[in-house]
Amino acid sequence: MAKSKYEYVKQFERETVFLPHTWLVVRIDGQGFHRFTATHDFEKPNDLRALELMNRCARGVFDQVGGICFAYGESDEYSFVVHENSQYFNRREAKLVSSIVSLFTSLYVFYWPTVFPDRQLKYPPSFDGRIVCYPTEAILRDYLAWRQVDCHINNLYNTCFWTLVQSGKSTVDAERELMGTLSADKNEMLFTKFGINYNKLPSIFRKGSIIVRDYVEEEHTDKATGEIRKKRKMRTVVVHEDIIKNKFWEQRPHILGKK
Amino acid sequence: MAKSKYEYVKQFERETVFLPHTWLVVRIDGQGFHRFTATHDFEKPNDLRALELMNRCARGVFDQVGGICFAYGESDEYSFVVHENSQYFNRREAKLVSSIVSLFTSLYVFYWPTVFPDRQLKYPPSFDGRIVCYPTEAILRDYLAWRQVDCHINNLYNTCFWTLVQSGKSTVDAERELMGTLSADKNEMLFTKFGINYNKLPSIFRKGSIIVRDYVEEEHTDKATGEIRKKRKMRTVVVHEDIIKNKFWEQRPHILGKK
Amino acid sequence: MAKSKYEYVKQFERETVFLPHTWLVVRIDGQGFHRFTATHDFEKPNDLRALELMNRCARGVFDQVGGICFAYGESDEYSFVVHENSQYFNRREAKLVSSIVSLFTSLYVFYWPTVFPDRQLKYPPSFDGRIVCYPTEAILRDYLAWRQVDCHINNLYNTCFWTLVQSGKSTVDAERELMGTLSADKNEMLFTKFGINYNKLPSIFRKGSIIVRDYVEEEHTDKATGEIRKKRKMRTVVVHEDIIKNKFWEQRPHILGKK
Amino acid sequence: MAKSKYEYVKQFERETVFLPHTWLVVRIDGQGFHRFTATHDFEKPNDLRALELMNRCARGVFDQVGGICFAYGESDEYSFVVHENSQYFNRREAKLVSSIVSLFTSLYVFYWPTVFPDRQLKYPPSFDGRIVCYPTEAILRDYLAWRQVDCHINNLYNTCFWTLVQSGKSTVDAERELMGTLSADKNEMLFTKFGINYNKLPSIFRKGSIIVRDYVEEEHTDKATGEIRKKRKMRTVVVHEDIIKNKFWEQRPHILGKK
């Protein structure tokens, strides 16, 4: 069987390999999630369990795919940062994007029954992915700030919109009422009309979710003495903090530091 | 909130857009399926239900993602051919690869309980994907021939190997016995030692699986007369035929023809 | 001297390598030739010597750079076709473009005094270059037709424009008179107003210039008998024919044929 | 004339556009300069006029092509640094490479008779070009250090080699004598055998040539008073200094600074 006769077709394969010493961001996005969230009765403006499912999947990707040092998620999207020093998959675009998007999707369907024991998955969801290369840490930080600002703007809007709708307005009227309003107006409206202090809402909604490896104090029982001791361990954690200002990064210099 | 301040980071996004009038092949591959098939007790050399699950997922991708005119699968891989005239996703690499690999994975986990009601999915599987561009139909045909030859060679080898093992040989001895043998030797061995006529084995194992849209005769009952009439309808079908020779293609000129 | 310390910077080099079995066109264009032709008093609408200089340079490129099977020039641009089977420079984009544009430019300055012995080169001209990949011979033929149609349209317009100007019109009036006219109108105007039969003008102006290797009959004197014999030899030739219709190509199947 | 019928071929054009905020280096190299220098009797190990011609051409490119903030040359190669903030040619690869290599070549042939009035150019030289993208200033600095180290190593070797040859050794014997020697050995050999203090040789040979815009003191005569005044002006200058250490850059923060 003349196998070799056809093998020349491998010469048509091309690889995009990203430059060394650059930061790579793989961002995945739910495809058609407008319909998906409607079909599966997600709570509005935020469905806490749906966000927890996203975080669980992202954590799986974070722990299994090499080279990822940071992840940020909001709504139906997640950004995974591949460290500038990572050589995982030799920095090949197709491998990085397809592996991350595939594993994330797999985890989503896999964990659905655990997170939503009462709600059946009606059809299989899918995500698309892309990869963007950022040459410096400063620009990467701006990328992450861009996503967190996006989370804030969307969440503030959606909180107002759904509060209005839940108070009896039609969606058209709610939309009209919010048109042209600034952040301050929206905060004011929530507070005066509905007694909602936006800044007291759960930070997972306002700040999105951050996955990093960080030092955590854990208690260990000394087997010999029975004494309880605290030890600092490096663990994967999910937090909901401001990543626009410097404080978060100054407290965790190991995240973006040289590996 | 100075959204605009960070939006410049979008300028770093790059798109690979494939040339018009070229054939695109998205090939997906199971990641770490050696371990996955072992953990999930797949039958050797072929697990029919596992192949049917692959085909079911591929069929879902075939029907949902635009521009795909042909798909070919064997083992834990599947190739999807995007027609040279397709403008789906504007021929953007990241969108095509990530959407197909994500949907395929989602379907795999989603349909698992249906196909394997008796076997629990122990951990979420993942696939990687790549896209290759072929400039002419002739070279595309050589690509598909390459995959079908690969299917044949692997299946003949695996059939011999597992037959020897099931007959009591150790895996090391089976491997040694097959070393350096030609196709003819392997056919001979199966026939004389084990009474197996290789060419009579199921074609899904020997030829792999092909998904196309094809004309199918369907019976319709005329509501007025109650008469049963045959109608030719275009349907998505899965077949297991030779795609190396011309016959398959000559019988179905619509598959690769101008759209 | 720690040479190795810095050599890692080579890892940042990237190569664009074109797909096998595709046609590559390197097109070069004069940069700022509006000013260049004005400064050097080129005749209008066509300067025959300037075109001959372009052809001479293109011929030098054609003969020195590997893999080129066809070249087409008009005005201050030239297209070089790299054969689909060529492996020259391993089909690397930067090598192909830079070598061709550099050699062409070098020849232009080098041959200037020979072609224009009476006119000094006042400043060094430059060209830019790009490379485009065409997947099939049919599309390559369309590319070449596109350029020859462009040559025809521009030349017909320029011939009318400069004939009007030379007859005493201002450039503004000449432009206005031609606005909205069709090819037929322009032919008619040249004939009735100025007695010019456009189709009798030199084909180098109307058709552009084509460089190919072709069979040429040459006379050889037999040294023994003194007899003159005709021999067919393959030579690089410059011709000015129609390349849109099939005839040119049917007469010369070796040009685009398999190598 | 159906122009539009063929214009679809423009859809095949692709542009590589470099990432914003990255440093681009266009490096050009003489093609076949071994033969070129032999044919044109260049002095060994260094021909001062040939280097001056290279510098003159590089200076022309530096002054005419936008976005270049630094250039470094040695032997028959030159590197042009496009500033990270430059938007010239929209950072398109083909435009940048082809324009720079074409203009450089044009200047080389154009200025040849001025620099070598006694030596005719026997055939047209050509250069190839490539472009490399560096994400940070630190890595760009390492690139430039790499080239200057290369200049030093080659020049020390060539100085020894040609001194040995000029002292009567065959080229084979000279090569053998230098095999395996370290820098210190070569310096020692030049000094003890030939009385040459390598560090006293012209810095253009040892350090290569650097082109930058820098502040230069110029004398101006005040028209009113006739007084001579010194003014600092920004001028394009060619220098031959160390660019590996920080001093050069600390003295000229404007070169790589934000534009």
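For reference, chains read A, B, C and D in written order, and residue numbers begin at 1 within each chain.
Following the convention adopted for this analysis, a residue touches a chain if its C-beta (ideal position, glycine included) is under 8 Å from a C-beta of that chain, and two chains touch if they have at least 3 such contacts.
Given the structure is predicted, the values throughout are model-derived calculations rather than measurements.
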Please state, in steps, how far chain C lies from chain B along the shortest route of touching chains.
-> 1
The larger set of C-beta contacts, choosing between C-D and A-D, lies at C-D
Call it same or different for chain A and chain C: same when shared residue numbers make up over half of all numbers used at their interface.
-> same
State the chain with the largest centre-to-centre distance from chain C, centres being mean CA positions.
-> A
Between chain C and chain D, centroid-to-centroid distance (C-alpha), Å = 32
Quick one: chain A and chain C, Cα centre-to-centre, how many Å?
-> 54
Rounded to the nearest Å, the gap separating the Cα centres of chain A and chain D is 47
Per-residue multi-chain contacts in chain B, two or more chains = 8, 12, 14, 19, 133, 139
Using the touch rule from the top, collect the residues of chain A that touch chain C in their complex.
-> 8, 11-12, 14, 17, 19-20
Interface residues, chain A side, partner chain B - complex = 1-3, 6-9, 12-14, 16, 28, 31, 60, 93-95, 97-99, 101-110, 121, 123-134, 139, 142-143, 145-146, 149-150, 152-153, 183
Chain A residues within the chain D interface of the complex = 19, 21-22, 133, 135-136, 139
